[in-house]
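In the two complexes below, subunit A is the common chain; its partner is subunit B in one and subunit C in the other.
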Partner chain A sequence: MSVSISTLSAGVIIETKSARVSVAAPKGRLSLRTRGDLGVFGSALGVEMPSKIGACVRSGELEVLCLGPDEWTLMLPQDQVASIFDALNAIYEAQPHSLTEVSAREVTFEIEGTHATDLLSIGCPRDIESIPVGEARRTVFDGVTVILWRDASTQFRMDVWNSFAPYLAQTLETGCKEIAAELA
Partner chain B sequence: MSLYRVAGKGRVTTAKPVSFSFDGRTYKGLEGDTVASALLANGVHLMGRSFKYHRPRGPVAAGSEEPNALIGTRRGPGRFEPNTRATVQEIWDGLQVTSQNKYPSLKFDIGAVNDAAYMLFSAGFYYKTFMWPKSFWHKVYEPFIRAAAGLGVSPTEEDPDTYASRNMHCDLLIVGAGPTGLAAARAAAMDGLKVVVVDENPEAGGSLLSEPQVQINGQSAWDWLSGELDALQELGVKVMTRTTAIGYYHQNMIGLCEKVTDHLAVLPEDTPRERMWRVRAKQVVLAQGALEKPLVFNGNDRPGVMLAGSAQTYLNRYGVLVGKQPVILTSHDSAWHAAFDLHDAGAKVQAIVDTRDSVNEALQKEARDRGIPVKLSHTATGTSGRLRVKSLRVNPVSGATVGAGYNIACDAVLMSGGWTPSLHLFSHTKGSLAWDDDRTTFLPKETPEDCVIAGASRGLWGVAAALMDGAEKGRAVVAALGKKANVQDYSVEVDRAGSGVSHKELPTDQNPGKAKAFIDFQNDVTAKDVRLAVREGMRSIEHVKRYTTTGMATDQGKMSNINGLNIAADALGKKQPEVGLTTFRPPYTPTTFGAFAGYHRGDHFEVVRKTQIDSWAEENGAVFEPVGQWRRAWYFPKSGEDMDAAVRRECAATRASVGIFDASTLGKIEVVGPDAVEFMNRMYTNPWTKLAPGRCRYGLLLGDDGYIRDDGVIGRLSQDRFHVTTTTGGAARVLNMMEDYLQTEWPELNVWLTSTSEQWSTIALNGPNAAKLLQPLVDGVELTEEAFPHMSCIECTVAGLPARLFRVSFTGEIGFEVNVPAPYGRQLWEALWDAGQQYDITAYGTETMHVLRAEKGYIIVGQDTDGTVTPYDAGMGWAVGKKKPDFVGMRGLARPDLVAEGRKHLVGLLTEDHSKLEEGAQIVFDKNQPIPMTMVGHVTSSYDVGTTGRPIALALVEGGHDKVGDTVYIPMPDRTIAAKITDTVFYDPENNRLKIGSGV
Partner chain C sequence: MLLIHCPYCDETLPEAEFTYAGQAHVIRHPEPSSQTDQEWEEFLFIRENVKGDHFERWRHFHGCGRYFNAVRNTVSDKFLTTYKAGAPRPQLSDLKEGGE
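Presenting the complex of A and B:
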């Protein structure tokens, strides 16, 4: 087991008949903390802000995930980060909030394939099947806090702070081979 | 065909012979055999030696409860496992098996002298023998006990196997795939319910595998079984074999250990040897069945003496006769059927000896029909035969009188003392038990978990009762899951539900004080040991257990607990429940460390965090050290350098020109909102209101007790936005503490926290040439004393990268910390490295960082503080805002103890002989005082020669701030070191070197 992610280059880490694990291309990622009238933010961002924890809303290239009662993650193309800052700065006086860029904080693993849920079950104690498609959860994988997005029945994204990425890549690689061997 | 194999019997594959070796000799078995069944087929009963007396032993059971037949298995280097149960290990071509606990050979073992000296090894032997003299402990007793302790040999080579783990969620987990479990599964098998059945055996079926004569719904047991398994699979039920439910934990979490490859001749690639499943089940049905109880009589441990039900299993499941002239010794009907089965398979049953005076007439008739002699109202008082039983001595019993004994020649004694419900997992749930006087056993009562127990594990005997109860309990749990259960009827013929009585040790006409009537076979505990323990004052079964070690072997007393309890209760003259039952603990059967470790071994042993610059450090020969979960570059040795030399070089180069350091692991928290400054004022001791945007300040964080918890440089990026740094190890803790205060104490504040530790790669440049190196790469600010003084911060670009640039110093030199988005970390590092070549830039690690900061008296929280140090103790009263209305820890600081005289203060120490002190060494004022001396402090940091020409140390010393110039003493094992108390700043106390253009 040895995977080295020193630079976060996008690409496939491993692909077997059980699943494929890859590192996603970099994306803009913002952490929004606030309370009060979400509608103001919805108007500024052009989406209906989700208020149920784990719910995701998409509008164009912007994806908004509700992570807590006062916490949202915004995913968007990197080159649109500045415009979001501008849009929300304009409502700062009326609706105080914290908008912080964390684009570089995390690495996204893309995990897909017929046995993607089995692969996730090697490190995640949560019932993966219970996550509705289109939602996301903050959970743990192999002892590390992750955000797990279920984009389709067998298609997931896993966001993890970059220092943990090499360690989790090892776990995913091992599991991918193990489950493929079971199918053999 | 082997000597004891019966054609047409068993589920082994006659067409597939398998070769394996036992103690170097090759044996043939059949596919489907265990080591035990294959050896028994070859007439081999002797498989091991007992733990204490080294008595010859053979298998007494056929399943995972086996206490005797423990073997070592091996498949090539590193793949050795001791103490494997021969009754569980399946054979494969090439399997190497060795016996244990014998020297020089299994048949002749020197340790067996212990057996002759058994009077010395009575209960409590250890406590009595190893008491005195005290001086014998280390040199004599402990080595002796260690040498004698344990069975088998620990593996010495690294295990090349891999282990796995997985989580599973299901609606219903059924433990045990016997008739009870399968009936429960059938009741629940439907769309929308995820049902999982687990069984430790290689195939499902449980007792049905040993009872092929049973007819279920008009089919033979095995036909019904295979049809039923197909049907269950069709209905989506997952049946997992070779999978042991090892423990039942809180809230219906069950641990399963799946043996994946131990039965395979060729190991498949990428496949773990074992897999630990962590199952969360909404409902659980426990259908673990029952275990047969041995009878306790003199010589009941001789090879060839085994449980009658196990003999039946060897015959019906493996096609093996355990003896050709067996004698049956029983107090329960079930063993009569074993006699009939063995007779019908060609054995000449010598007699059925029953302790009861009356037995079901139908059974007696069946015996008569087969010409088997029947002896009722008999006891057994001995066996003969050295390595294999040759005869059983039996005596008629009339009332309390044991008549004259006589021998029955035999080659096997098949005993049954009745059956004990398997309550292990039920007990793990903290389920309560009720004593059942009729059956002389504990039965399950209530459990706090969502779990029911069914079939033989709640004392119901026979296949019909098992199926009915399994179906009924299955229906109950399905109803609890809000579904309508399948209704299935079972009609069962040729069932063998029977009854029996329970005994303490069997009566004897001989001296019971000399009887070797074993209760616990593996730990060699006899009935007289338990009685002795009671005579010597043990009253609770827990004490009897520990004094005699009964039930403490690797089988956890599966066979011995009830017999031990019955005998202890008899000796105490109490009812069994008043004496109590010992606690069952996970795991149900011995489980490898590998299964528990799972993926976490070797380079995946624990979570390791790496910075983006880690790879550069690795390529450049860094030695790493773990700091929390991080691995950090410790120092960068050049060839031939040891740590001291490398650190001295790194220190000198940094002070002489410029050093580069990866500070990415520093915790970072972005504090944002209109109330950000108010929040900072309340959290930190320092005042923040007047800190202008673009400036930094050193912040000190206390707990509410007034003690230092964390520190770091904090930059104000804009009016409402602070870039807080924390210690590496404190990052998560500080964020949690801040969130706690925000959510519970100050919810009115409009301020929010975001962890940005990993948003940034942070590179520190320190040294007189740091500004010169950096200036050409910086766009947006002039690195001059005027434009960007010490303790400034700015958002700019560095080497073309977006950056947050801080002018701070943890070395006492001109210092910068450049933060760039994490993935650019290595790119920036290399850019600075290249640009620094003209200044002989030197990479340094955490050790040099420690030395340079200590020379300046900068503290490291957690090293120079230990949770009992106030800012004043640390000489940092300057960091406490005196005019602030409040901050976390302000009231704590006013506590009488914290303002008292004579607290320990942080000071510097310089040794008189220029030796390096030991970190943690204790300090005394008077070296001539009598021992035990009064200790007045300890060394917190100590370093060899850095750049100050001599070793330096920091220490906490009582009243230290008032003792500067005094000499204190540090007593060490070989000498006492004298040291002078100094200020904590050893280098450039005027801070001249922090100034750009100061000319140093």
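Presenting the complex of A and C:
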């Protein structure tokens, strides 16, 4: 079981009239790599596995995100991690795969507010508006690889590796203040 | 900024998500021990230096993480096409007729 080592604790980093940036409570994260039959994985996990890169499927508290042709990230409450290992170990012989717990690797930032897309555009070269609501993308933010979920039109989550998190928190804080200052 | 089409994500995305990864279609000999020093040198170090359409590898580093192949004009920086790793090398004449 990996232990959280982030220097950031859950809570609001900054809130202005442009946007609010907060650190989410710790979550379970699993990395799944396989070239096996997705149908079998889907029935073991109780979801329909997404095969389109960026697509996200939710079932109860489990969220499965397709990151690449053979790569998925599973987000779930930490106390359910063991049950996923049990479910997938049972099909290991028939469907070889790699399942790794990476819960403590990343920190989730929650970014929401009327100017959330403007805030993201300070560091992300993608057209944020082109990400469909309900989907996610692995992309880059100010030189750092991040996973960006668009949960609602102006509500995002950003998963950042721990060692980059304080730097990105600072960048988002500055950006939030600057956008708010422009509005004033 | 260049816009590059990732054949795995099927999206056209900013260059900042990608890294360049050298000339494409450099194939390792199936029997490495049969190669002379000269042939090894050519395989390892000798690369084309094309002025014009160049077959090259790119990696969607901040994305799906996949390597893929591309044909880029080294003068204009225009990408003629991108295709999945392992796919056959396209004919340049086909790309130019269908392109623009």
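Convention: the second predicted complex is superposed on the first by the 177 of 184 C-alpha atoms of A that agree within 3 Å, B and C clash if a C-alpha of one lies under 4 Å from a C-alpha of the other, contacts with A are read in each partner's own complex, and residues count from 1 in each chain.
We take it that a residue touches a chain if its C-beta (ideal position, glycine included) is under 8 Å from a C-beta of that chain, and two chains touch if they have at least 3 such contacts.
Just so it is clear, the model here is predicted, and its values are computed rather than measured.
Chemist: Could you say whether A:Ile53 touches subunit B, subunit C, both of them, or neither, answering first, second, both or neither?
Modeler: In the superposition, A:Ile53 touches subunit C alone.
Chemist: By residue count, which of the two partners contacts subunit A more extensively, subunit B or subunit C?
Modeler: Counting residues of subunit A touched by each partner, the higher count goes to B.
Chemist: Is A:Arg137 contacted by the first partner subunit B, the second partner subunit C, both or neither?
Modeler: Touch status of A:Arg137: second partner only.
Chemist: For A:Gly68, decide between first (touching subunit B), second (touching subunit C), both and neither.
Modeler: second
Chemist: One more residue to check, A:Pro125. First (subunit B), second (subunit C), both or neither?
Modeler: Once the two structures are laid over each other on A, A:Pro125 reaches both partners.
Chemist: State which residues of subunit A lie in both footprints, the one left by subunit B and the one left by subunit C.
Modeler: Dual-contact residues (subunit A): 125-126, 130.
Chemist: Which of the residues in subunit A come into contact with subunit C in the complex?
Modeler: Subunit A reaches subunit C through residues 53-54, 67-69, 71, 125-126, 130, 137-140, 145.
Chemist: Give the list of subunit A residues in touch with subunit B in this complex.
Modeler: Those in contact with subunit B are residues 1-2, 4, 6-8, 26, 31, 33-34, 70, 96-106, 118, 121-122, 124-127, 129-130, 142-144, 161-164, 166-167, 170-171, 174-175, 177-178, 180-182, 184.
Chemist: Please output the residues of subunit C touching subunit A within their complex, sorted ascending.
Modeler: Touch list, subunit C to subunit A: 1, 8-11, 13-17, 61-66.
Chemist: What residues on subunit B touch subunit A, complex-wise?
Modeler: Residues 162, 164-169, 268-272, 278, 280, 599, 602-604, 606-612, 614-616, 630, 670, 672-674, 750-760, 821-824, 826 of subunit B touch subunit A in their complex.
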